[in-house]
Amino acid sequence: MHLFLASATLPDTITFAIAAAICIVGSLGVVVSTHPVHSALMLVMTLFGVAVLFVEENAQFLAAVQVIVYAGAIVVLFLFVIMLLGVDRAESIAADPLRGQRLTALLLGLLVLAEVVLLGRGRWPTGAHSTAGALNQGTKPNVNVLGTSIFTTFLLPFEITSALLVIAIVGAVVLARRPRRPVGGASSPIPSAKGLTGPPEAEGDDTDRGPLQMGVEDLEDSDGLEAGRPGVPATHGQEGSKS
Amino acid sequence: MGDPLFIHGVDLAVFVIAVVKVVVAFVVLLVSVMLMIWFERKVISDMQNRIGPNRAGPFGILQTLADGIKLFFKEDLMPTNADRVVFKLAPYLALLPALLIFTIVPVGGVVTIAHHTVELQVADPAIGILFLLALSSVAVYGTMLAGWSSGSKYPLLGAVRASAQMISYEAAMGLSIVAVVLESHSLSTRTIVDLQASSVLHWNVFRTGVIPFLIFVVAVTAELQRPPFDLSEGEQELVGGFHTEYSSLRFALFFLAEFMNTITMSAIIVTLFLGGPDGPGFHFLRWLWPILWFAGKTVVFLYGYVWVRASLPRMRYDQLMDIGWKLLIPLSLAWLLIIAAIEQSRLWGVAILVACVPIYFLLQRSRQVSRRRAEMQAVETERARSRKDPRSVLFDSLLADEPAGGEH
Amino acid sequence: MTVSAAWYLTLAAAMFSIGAIGLLVRRNVLVMFMCVELMLNAANLTFVTFARELNDVGGQAVVFFVLVVAAAEVVVGLGIIVAIYRRRLGATADDIHVLKG
Amino acid sequence: MLGAVFLIPLFPFVGFLVLAALGRKLGNPRAGWLATAMVLASFVTTVIVFTGLFERSPASRSYTQTWYSWFTVDRLHVTASLLVDPLSMTMALFVTGVSTLIHLYSIGYMSHDEQFPKFFVYLNLFVVSMLILVLGGNFLLTFLGWEGVGVCSYFLISFWFDRPSAASAGKKAMIFNRIGDAGFLLAMFLIFERTGSLQYTTVFSRLGHVGTPSLTAIALLLFLGAAGKSAQLPLYPWLADAMEGPTPVSALIHAATMVTAGVYLMCRVAPILHLAPDAAHVVAIVGVATAFLGATIACAQNDIKKILAYSTISQLGYMFLAVGVGAYVAAIFLMLTHAFYKALLFLGAGSVIHAMGDEQDTKRFGALARLMPITSITFLIAWLSIGGVPPFSGFWSKGDVLENAYAMSPLLYVVGALTAVLTAYYLGRCYLLTFRGKQRWAEARRDGKGAGLHPHDPSWLMTLPLVVLAAASTVAGIINLPIHPFDLLQRWLDPVVGAQLRQLHFSVGTEWVFAIGDAVLAALGVSIAIGLWRRVAEHPALEPVFLRRAWYIDWAYDSFVARGSTEVAQVTFDDVETKGIDGAVNGFGGLVAAAGRRLRTVQTGYVRNYALGLMGGLVLILAYVVVRAFA
């Protein structure tokens, strides 16, 4: 491992240092934050750091896609779920109920880190050569190079991935769908009786809705919009229904 | 390829020029926001047959400044339930994308300063369009976090609505941009603008066949949450939208961000579809004319936004989602396919066009079916609603797909 | 000339380890999920670094696929989480141990 | 015209497909008519092809039609090709001809059967298989037909599968045939190994490079196959049991066509047999032994179909005798004539059985001649024919065989002659018991059903084949008279087997001596039969239990082979299977289950615990990589 930055220019070094710091702090933030929303924001920060590093490494397209897909879609999805499900209560991370889990985890994590850093010093040539074409092709922009590669060498994986996306969409819809309930059940004259046997009655009428509506209603079901509020300790309504 | 400014390496002059460009862009943007607010108020007043701001400065042109100063000195309130960090962070997250997107807009041609070729735009990254898409997808955060961190239900609902809306329309917007990219074979805004130069017929509006332009304008309007797509701040339902709990300077920031976004997006429309700074010029002050053309085109769009705001009623939420998912996305997708096919050969274009016809009818049929089902469900819901507590009725009507009644 | 690959790899390893530790330590399913994303990002960073180091566009292409797969994974994963939370609000990963032998 | 040869098997195949798909819809008579029409069409095509072949000069009477390359494995290249030469055409002619008649007969015979269409499905499939066997241009295609007729034989023997005896008879036939087929297969392997081909013409052209031991082995293995198919010693017992099938089946498959496939195969491989004289001797000895054995058993049987079955075995033995002594033409000649009169006998027996309400015991018949004149007369003709009474066809064909046998060894002639006497005798017994003497069926049947019977000749559908076959049996001898210009078959087959034929050097006088001797033998048998059985129905001394039980050979098979193998199987099951293999499997399963119970505690259900495990695995893998990197 080269421990010297001699070969790197100053702006590059500074950029790397800042981005790396963002990444590390962000990663730690994800793990340490008690509040899932904070974790998500820290994750976004990390993602931006990684995007910067991508640009540094001449992967402009990936940097952009990283932001568009990860920050713009995935984490937003996380936030949606967090906010709409009303599960954004702070988690008490003082102690772990699984004995020894935390210590072992820390130990293993550090071991992995140590091993990888060690690996940086070792050599294990596999003899593998470039397979998918050169990355630097004169003045050709990164987007063109990557695009050509994806639509020629990696065409089949690309198509399969698109199929995977469709499957994921269908799967998500099926998962998020609430099974149709007979309307008769919803119009039960005794709400309290229904409350004993099933989920709260507010769910009665929605038969076919997306996660958005559902989420808000869950929030409502859980007896209190307070659930959607940050900073409210986990001591209310649905504590009983947990266990 | 790339910014000609950095071709010969970075020296002090280059550095200074870059910094100057940033500062100028920032200042210009802020000032134009100020003017925009004034402009909007004045135009709407005119349309509503009243005078509008006329006290501060000539024609009330300093009214915005006065409002800003007032807001600056107001008490900064923070709700007790608020998530303090995020609450403070959100306005900046809203402002930042608006500012950054403007950096890739070419506001004029190319000038030479101190032997350096300088493009009149803050930056010209090779992946400019991706940058635009990335930032517009990041723009959701400000809204979303602001609403959530307020710790209050109306802002939360407003934020959820807004972000759902933004995410929905982003797809259509992206697809219509792809049509432009397909025509220009480049992601750089400078290249896109250059390719449109010299003739009105080279403008992407015509080269992509108008449809992507229309889709883009509608989608951008929804992204900006300008009327008629400003449901997230429907006063009757949600008080003031996601920034209900904000006050003082933080509120000003949101306000700023909103109008800055409007300006930026108008500029982007002009850049992508209307040739940017392209237009006839004179030898006298050669560098000035493109800038004027650019500003003029942008103002036309700004006026359009104001005009729309003054004249169109707000849409219903289900209509909004319908337009986004069932009209704009399929349409832009189909159009994109057709353009791509024509790019390949004319025969392919015809083939795809023909293929789109049955798909269109299929979509029509599915819409019909879903509408009928929704109507049937509405009846059931009406029955169930009669015995619910008022609060849930409110939310059902705000968030349900089916017509909530009263707004027809 | 930018910073040497070793630094990037070390950074990626650190991120990976942090993500892994987070996955093992946190009980909130959503946060665990985010930790998985962290680990994925670390892997992506490694890929990109090697792509640069070996001058092979394959590394970047793989990252592209990882992004797409991550998106699909999150969609389904969050769907599952929504389904779980619908049953029992505020459940943590430890509450869902019905799969034990 | 030769190009039409593919139509020969195609017609019945189409019939088979149509009947298999739509047989039930076509219903009782129509399905039968369709099947018959298809076989008739096949017959007509065969005649056309035959004439085409006939027009050619004798030297060029060999034509191979290749459909397509069937498969290729390394050196083995097998084509689906048909071989048209005098031998195959002779077989094809008589197969399709006899099949047509028996199909016709079956329409009447099976008219009351509920599975009428299915019967014709099988029958058509059988004809297809038989034709492929006969016309196949290589060993493998012949083997395909060989197996096809085997499976059809199984289907048809067990046609009334609700009778346990029929079901087990089918199984028995299958098992005995399998033994023979194994021989055939091994022979094919050996042929391919030695000559590199399975095509008849190629194989025969390369025989010069193959050593005599190999040829003997090939010939013996092929003979094993032929013995299985043609019911020779020691694989003959299934044929008697095969009589459980419907009588037309017995006539077609188990008398006229399928069982002669072995003889056909032997004639087909005459070049091999010719070069392996030891094997030929074995064939001749086994043949004559079978002939004698079958004849003696037939003398003591009461069941009319059993008599005919053992008679068939005996006659097949005769044919193998002919093959073994190198008289291939005589074998084919005997096969042809035998096909006529044996089919006639079976169909006649079928008529009688039909008329007697499914009674098969000759001791319960008697005096049917007046009631069933046509059946009686045709049966009489068949008897005289098979008995070798001049000028019926059997006289000529059998005489031919005996003459050749004598040329090889007088001993063979003596046994053959004895058999000839026996043949005339036991069929005379059968005829006399059935059609002459006292009427016994009314009182003999204890269930009293016999009293109400009014036996009569069946409809024209069934009598027509009888008459045609009777005519054929009478005059078929003219196709190969021992006088030069009239030895048609001899000259016709000359291109195929002429080179391997044993040349006889008898003077005309000697020929006359042989002919008179044959006639005397026949007369002897006939007169003994008439003398003994004309009036009396019981001669216990002439029907010893020893013969009635068929030399106890079935019993021997049962006691030694069947029971022995059952014992072995039982021991294997008890000790090896139950204790050894099952024990090991169960023990392993128990081990896994026990381990699972122990390991179950690891399965906590906590996702994070599992993740911990994953992480541990990662650490280990990385550790390995690190060690590799530095090592």
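Per-chain numbering from 1; labels A, B, C and D assigned in written order.
The criterion applied here is as follows: contacts are C-beta pairs under 8 Å (C-beta built on N, C-alpha and C of every residue); 3 or more make two chains touch, one makes a residue touch a chain.
The model shown is predicted, which means the values in this text are computed figures rather than measured ones.
Engineer: So which has more C-beta pairs touching, A-B or A-D?
Structural biologist: A-B
Engineer: How many angstrom lie between the centres of chain B and chain C, each centre taken as the mean Cα position?
Structural biologist: About 32 Å separates the centre of chain B from that of chain C.
Engineer: Could you grab the centroid distance between chain A and chain D? Build each centroid from C-alpha atoms only and quote it in angstrom.
Structural biologist: Centre-to-centre distance between chain A and chain D: 77 Å.
Engineer: Counting only Cα atoms for the centres, state how far chain A is from chain B in Å.
Structural biologist: Centres of chain A and chain B (C-alpha means) sit 26 Å apart.
Engineer: Just curious, how far off is chain C from chain A if you go by their C-alpha centres, in Å?
Structural biologist: For chain A versus chain C, the centre distance works out to 7 Å.
Engineer: Give me the residue numbers in chain D that touch at least two other chains, ranges are fine.
Structural biologist: Residue numbers touching two or more other chains: 606, 608, 612, 615, 618.
Engineer: Note the residues in chain A that touch 2 or more other chains, in rising order.
Structural biologist: 61, 65, 73, 98, 101, 104-105, 108-109, 112, 116, 142
Engineer: Indicate which of the five shapes (line, ring, star, complete, other) describes how the chains touch one another.
Structural biologist: other
Engineer: List the residues on chain A that touch chain B in their complex, please.
Structural biologist: 11, 35, 37-38, 41, 44, 60-61, 63-65, 67-68, 71-73, 76, 79-80, 83-84, 88, 139, 141-143, 183, 186-187, 191, 202, 204-209, 212-213, 216-217, 220, 225, 228-232
Engineer: If you look only at chain C, which of its residues touch chain A in the complex?
Structural biologist: Spelled out, the residues of chain C in touch with chain A are 1-4, 6-11, 13-22, 24-28, 30-31, 33-35, 37-38, 41, 44-45, 48-49, 51-52, 54-61, 63-65, 67-76, 78-83, 85-86, 88-92, 94-95.
Engineer: If you look only at chain C, which of its residues touch chain D in the complex?
Structural biologist: The contact residues of chain C facing chain D are 20, 23-25, 27, 32, 93-94, 96-101.
Engineer: Under the definition above, what is the set of chain D residues touching chain A in their complex?
Structural biologist: Listed in rising order, the residues of chain D that touch chain A are 606, 608-609, 612, 615-616, 618-619, 622-623, 625-626, 628-630.
Engineer: Which bits of chain A are touching chain D when the two form their complex?
Structural biologist: 98, 101, 104-105, 108-109, 111-112, 115-116, 118-119, 122-124
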